[in-house]
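Structures incoming, each one as structure tokens.
The same chain A turns up in both complexes below, where it pairs with chain B and then with chain C.
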Partner chain A sequence: MNDMVGIVIVSHSKDIAKGTADMVRQMVGNEVKVAFCGGDPDGGLGTNVSLIIDAINNAWSPKGVAILVDLGGAETNSEMAVEMLQPERQNLVVVCNAPIVEGAVMAATEAASGSTLEQVRAVAEELSAG
Partner chain B sequence: MLESRQPNGQVITGSVQLIHAAGMHARPAVKLTKLAKKFKAQISVRASDTADWINAKSVAKIMALRAARDSIIEIEASGEDAEAAVAALIDLVATDFPDTGQ
Partner chain C sequence: MPLQPETLKSLVKAAAEQVIASAPELTALDQAIGDGDHGSNMKRGFEAVLGNLDTIGAQPLDEAFKTIGKTLVMTVGGASGPLYGSFFLAVGEALRGKQLPDDLADVFGCGVGAVSMRGRSQAGEKTMLDVLLPVLETLRAEAARPDLIELVRATATEAVARTVPMQATKGRASFLGARSVGHVDPGARSSCVLVHAVCNSLEARQ
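Let's turn to the complex of A and B:
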């Protein structure tokens, strides 16, 4: 129960990523680890594999990490980041097919009760399942 | 309002008026779901003007409830801690979803 799935937010915009993380902390609380990254290293819009890897490691939990992404490249770069993790961590990270803000809040709400990674992903993806 | 529908106390029901200014929007929905998840009981809620009972532990469904201010939220729970669950949820709604620091 003490371990909670960590949440990573990956946006093309650092402002969106940070704002989403702020919403999660204010609405759900600080008990769930939330890390975010956005923008390229030069300050422009984009996503960056090594920044995503850092965020995953910052949010790391033995229960795993759920990633929420915005547009195309955020997803492919997140998948690339997962492939570059230590092998034993790769199966403990999922990229959720969910809207970034709503998905992050719902995933964190579920994570806060000590749910498994699959439960957290399912709750985030409930939104897309309509 | 809290009452036990059956003599053996298996199903506990209650109702409470939603006084939150914005109705059951995102922040109250997260608080209600988080609290519901602390109990083992199966908990369902509905706004009085909708027919379907929804799982109080599903944040997506609670957010979709869209209950307006002043609507009556009905709560129904079964399981070992059902009574405590219904009482806690009524208290949360009746006290307008206070920040607990959690």
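Let's turn to the complex of A and C:
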């Protein structure tokens, strides 16, 4: 009943990912599960499929998970991570085409009201519709 | 004679070592039009492949290619991880019921198709596909030629040079717009390094 779509933030920089998650928690509260990751496997700037998979699992909700990304590699690696999840989870994760900070805040706000994954994604993506 | 796991092992070792040795060059190319991490990312990925070499050599070919793909996906850290990873995963998938070297062009084609889908990219967009697609063309058109290895190597070299006047519309380099013109694409160059390493290693075994 209280399930809410989870939010995952994937940046090339762990600091940006963490900062974005902090903003979401302050503005939306703690009832929406928010996970974040950033950095390549050596801790430099980049993204990392196994950390993204962990973040998706940490933010998991039966209603699904919306991922917000920054630049190209974050998107490609997030799509790859989704394909490596258990098959029954793959259709319940979306990568939103939205700016990372604003998108995460909007998506989490929408998720907090109990919306579906598609509604959460649509609200985040309105930001890029211009 | 079909490709033997032992031969694959030596090809993979040669290719990985060559990519690792090319890391500074790939990084320099990527600093010009990308974010400067292509060399270190590829080096990390192929070092991990070298670390799995014994597993790769002990597996059936289709599984061996999937291990390479999965290793790259999990360790490279940039967009090139899923791109090269998808290539090897798709090659592994395609090898079920097919044989190397007889079905080389078909199998290579499946790998190239996976890169295109993963990157949502086509020819002429200043990416690794601008090397992989011409190489595929040569494999298809010239399969019967005794000097196929030489032709493939030359195709890859020429294809890299042709990325210089291209304008990037995919990947980080696309942010530069017209300023990406005049530079070699780093992904095209790393694909060329891999193709050359495999060609050289095959030639040395003949």
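Keep in mind that, in the parts below, the second predicted complex is superposed on the first by the 129 of 130 C-alpha atoms of A that agree within 3 Å, B and C clash if a C-alpha of one lies under 4 Å from a C-alpha of the other, contacts with A are read in each partner's own complex, and residues count from 1 in each chain.
As a working rule, a residue touches a chain if its C-beta (ideal position, glycine included) is under 8 Å from a C-beta of that chain, and two chains touch if they have at least 3 such contacts.
In this text the structure is predicted, and so the values were computed from the model without any measurement.
For chain A, the partner with contacts to more residues, out of chain B and chain C, is C.
After overlaying the two complexes on the shared chain, residue contacts for A:Ala112 are found with chain B alone; chain C is out of touch.
Look at A:Pro99: by the touch rule set out above, it reaches neither chain B nor chain C. Legend: residue contacts after superposition of the two complexes on their common chain; A:Leu71 is shown touching chain C, with no touch to chain B. When the shared chain is aligned, chain B comes close enough to touch A:Gly29, but chain C does not. Judged by the touch definition given at the top, the superposed model places A:Asp40 against chain C, while chain B stays out of reach. Touch criterion not met for A:Gly19: it reaches neither chain B nor chain C. Across the complex, chain A meets chain B through its residues 27-29, 31, 105-106, 109-110, 112-113, 123, 126-127. Note for the complex: chain C touches chain A at residues 35, 37, 40-41, 44, 73-75, 77-83, 85-86, 118-119, 171-172. Residues of chain A that touch chain C in their complex: 40-42, 44-50, 71-73, 76-77, 79-80, 84.
Those residues of chain B that touch chain A in the shared complex are 26-27, 30, 33-34, 37-38, 57-60, 63, 102.
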